[in-house]
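All remarks here apply to the structure that follows.
By written order: A, B, C and D. Residues from 1 in each chain.
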């Protein structure tokens, strides 16, 4: 029996869908058979994603023309997938949603975060939060995967070992994400106009970032999380710093141990903390196109403050690669399959 | 009698109009009294041009509300100014047009270049081509100034001394302009979307650039000019290289002499050709905000090829600063008035 | 009696000295007569600072050849000025030091911060900390000005009104500075090599930044300050976010009032907090070459957290412009003299 | 019998060697056993090439410690490989040289180009010029491969079909290469210092580029080639435009046919010429990390001028990928092996 699974990507003209398409086209066990786009239906996908020239002859179709597939990947704007979920469930056995629609477990939190009632609250329990480092066991055999948010992923993976170790003091954690322009999507706007954006360092969410809810869900405890998001001149990538507090007496070595214990066998988490050279901490520059989350830290021993640093490619480990890693686990395939790109240097 | 002249800027929400506004607000003899924008009327100009916060309380008005001014500066899209020129002529004695509408002398060339008949061909003779280095005498007392195109300016100033000297061989001249994103204007588009543009080197006009017509008009002779335009990751600036051909026997020193003779007293043209260091030739990096055109060259003595290089800020020497320099001349003011900014290093 | 003062710049081949030179050359009351550089002595200053081509014929001299001047500006590496201060005091009546040598009042803090004893602790009391917004009165007639550090300035100006108002809770303040590459100086290094740096977001000082000491000195109180510095792809500019805590019951409007009261008449501090548009908060993109510090904030009313944001050009309001503003005050000149550049948009 | 070949990389701390290492580590038939670096011997290769963290435990060794390998890849500075070639020939059966030492067939041309006699002119005939599109047959079984220069490759592949077709008129061809900063290598210098380079458009070789010789060797004919090289803010990539001349009567469709005939079956050459959208011509933005050479053109039918455009990643198709493609051919392996990366969008 063939291992090949057919894949339909719904909303494939955006950056998240395009990135999943790129990865899936090179994945040995996947075969992309359909990609939808209302705006670009009829056009070759390589017209919108020109990196795929010569790689595929697929053309965009309308979602209404969607036929069955083994796996349906939803890359739709927020609040679109949930409203139409029955339609997509009819098309495929495994559904991966790249949006925020099924990440939160608690409908109340959803309402507080997104300002409206969840359209299908009864289904929230069916979905696994798509973060392999925290939910690997639940992902095995999963058929509903709600891919984690990109900024949330960078925050959650940075802090998770300290939470798991149970050492975080109940003090406020300030997390700052430096985010590339691709995170805002593929639609042109005044704010994304190159002359207004190229040299900009723009705080776009000083308070109230929506990923706070999912980060807090995944990192339970008594330490309020505060997320601030700043756009940078990069196209891809998130660099997150998070300031957390641990009790007196913990050493740098203790923190090392915690991270090594939790992440030592993770294929896509690297601890980056080097004494010498110019690449001492995580840097998104090195991660474009890769599924790595690099994590480093530094301690301010006088105050018990730990400065966590994490870097990801928002479109890969932050979205499409993370989702593919989940799919690999769900199907029992090698977890790194189709995610082998090492990244470039220089870049 | 006061030297102060009132200025109305028509189409002030774009980059050319905004740049003229910035310069005029600091000009000792100008007083900007009106700035129009159909889209942003009612808003403070500093909402659209945030560099002017605290510099002016002006608000945008609609063009229909325009009142008289000593000087009317038209910063409208191509083919808008000419159609409405009578309307603007009724408002002010001196008209400066930053668009392409009145640059070409020959209506036939206009039609060939812009694909339609000029709406007021009988007026073309009234306008001075706004390039002080070539037309300083005509500009004195001028009341109709058609500001030169940005790419054209970089080509014309690079080649002019060789044309004036009469040494150019009748061979094809290849001129390549590397252009910043601001040259395409302030309106967002798919192509200006930051993720699509930030890392791009995009040939956007390999053949048939419209500035060819005005460059050829200003550089009469038997050397066909071929202009190619490429967009770069910079926001401002044009770097132009032009390959021209001169007879055997001309030395590097001869070319130096030609450029020094023509430009030696020009306040805004610098000859940049340095044997050592890292800033040996013109570089737009050094010119953001300045009215300089830096010009350099190198000879390929074996073949009689001269590689000319010129750099400008497309919005200053390429548009608004050039226009202001023309206005200074037209009014008999110090030519450098309001144009003193030296540029930054590093930048 | 002429108002002109002669200026000697010691260490003029670096970025701080070069920026002071640029500003001083355009200042109506200053005349730069000497610029020293050990490495480049004999060369025209415009060879190293190519933006000054055609602006000055000055050549670098060695410091040993320094003659008297009314004002001596020291732009030397850290710990160089203090060791040789007697030498420079013999040359001019007014000394401005752009380094960190005379900023701290307390020799113990100096030792803790810089790891060695201050060479002339007895002189620390003679110097005014060069921040006009906090020390304007002390600066009048001052002859020893220790220009404030760039990151410190962005932190101090962001937080000062809350400190002055006395409302800060005794909770940890996390301040993160996003810093351009020029802050590391003009010397090439492995880390500043363009291919390694252009796309980088690099945490270079997660804990223990030296400017903490001067920021804490200028912002006395019981709120521990924690500074983290991250390098960005920009060349100039610092964007700082600082998370501070105020009691329940304070509203957004209260914070507005505090900032307006303290900064309402400041010529170079602008409060930037706009509800609409794409330029809602401070952005260093808009400040290259200007002496502005733009400050904004946003409140998280549920938690009493205030997110302060400030932006400066590290070489102008962060160094040379700030120093010039101090000099203007010291001499009783118009405070904005020579600092009128509005900045560019787009940039 | 295993297909695996061992590889030693000599000079592996530079960008060319590091890129070959990255590709070779993922190549199914290669096993990198040694990487030399005099400066970094003893350090993990991932200290210098941080993208390889977690990918390899190799450490740099000194060249003196080199042991035998099936394939020796030389990534040394110009004029180093040739002088020591006997030393390396003793270590491996197949030698790939990434430098310029063995590209030129004619020792006279070598002397004219590099200013000194070739140290081993008798060996020049043993080497195949490493360009699969032109020399695929010679590469089969080859044991000496002189990898083509990056700028030369972009010029040669752009013009080759017109040369092969024999239609080029004997007129001067102007080729302009826009080059990323990685092309200058991994050593920091004043000119590569980020603040001096980040915003720069710098003509670094207006005339006399050394790759002219190899391009002319590979494109024999009576059309003088003139190469101009300009550095851009990008890290990787070359965009080349070349202006060539063909007889009257040739249409756009004729040129299409020529390129399709020559490149239609090439795995790594794509003809990019699209009527609509924002990605109409080759753009190095899309090629980082890939082995593609994208080629487009536009005709100026009035003058018989063809504007060719080509884009490559200078470190992949311009160096290490090109070399690996040659090695695949030499060993009779699938030509695309290890070179499957599609490139990113957005990037």
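We take it that a contact is a pair of C-beta atoms (placed from the backbone, for glycine too) under 8 Å apart; a residue touches a chain by one contact, two chains touch by 3 or more.
Here the structure is a predicted model, which is why all the values come from computation and not from measurement.
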Counterpart interface for A-C, drawn from B-C, C-D or B-D and sharing over half of its contact pairs = B-D
Query = Relative to subunit B, which chain has the most distant C-alpha mean position?
reply = A
Inquiry  = I want to compare two interfaces, A-D and A-B. Which one has more contacting C-beta pairs?
reply    = A-D
Task = Express in whole angstrom the distance between the two chain centres, defined as the mean CA positions of subunit A and subunit D.
result = 35
Query = At what distance in angstrom does the C-alpha mean of subunit B lie from that of subunit A?
reply = 46
Residues of subunit A whose C-beta touches two or more other chains = 15, 182, 186, 190, 195, 199, 233, 235, 277, 283, 288, 346-347
Task = Note which residues of subunit A are touching subunit C in the complex, please.
result = 171-172, 174, 176, 178, 190-191, 195-196, 199-203, 206-208, 224, 226, 228, 230, 232-234, 237, 239, 241, 243, 277-278, 281-285, 288, 296-300, 303, 305, 307, 309, 311, 346-347
Query = Quick one: in the complex, what on subunit A touches subunit D?
reply = 15, 18, 22, 25-26, 47-55, 182, 186, 235-236, 270, 272, 274, 276-277, 279, 283, 286, 288-290, 292, 294, 340-347
Ask   = Which bits of subunit C are touching subunit D when the two form their complex?
value = 15, 180-182, 186-190, 192-195, 197-199, 233, 235
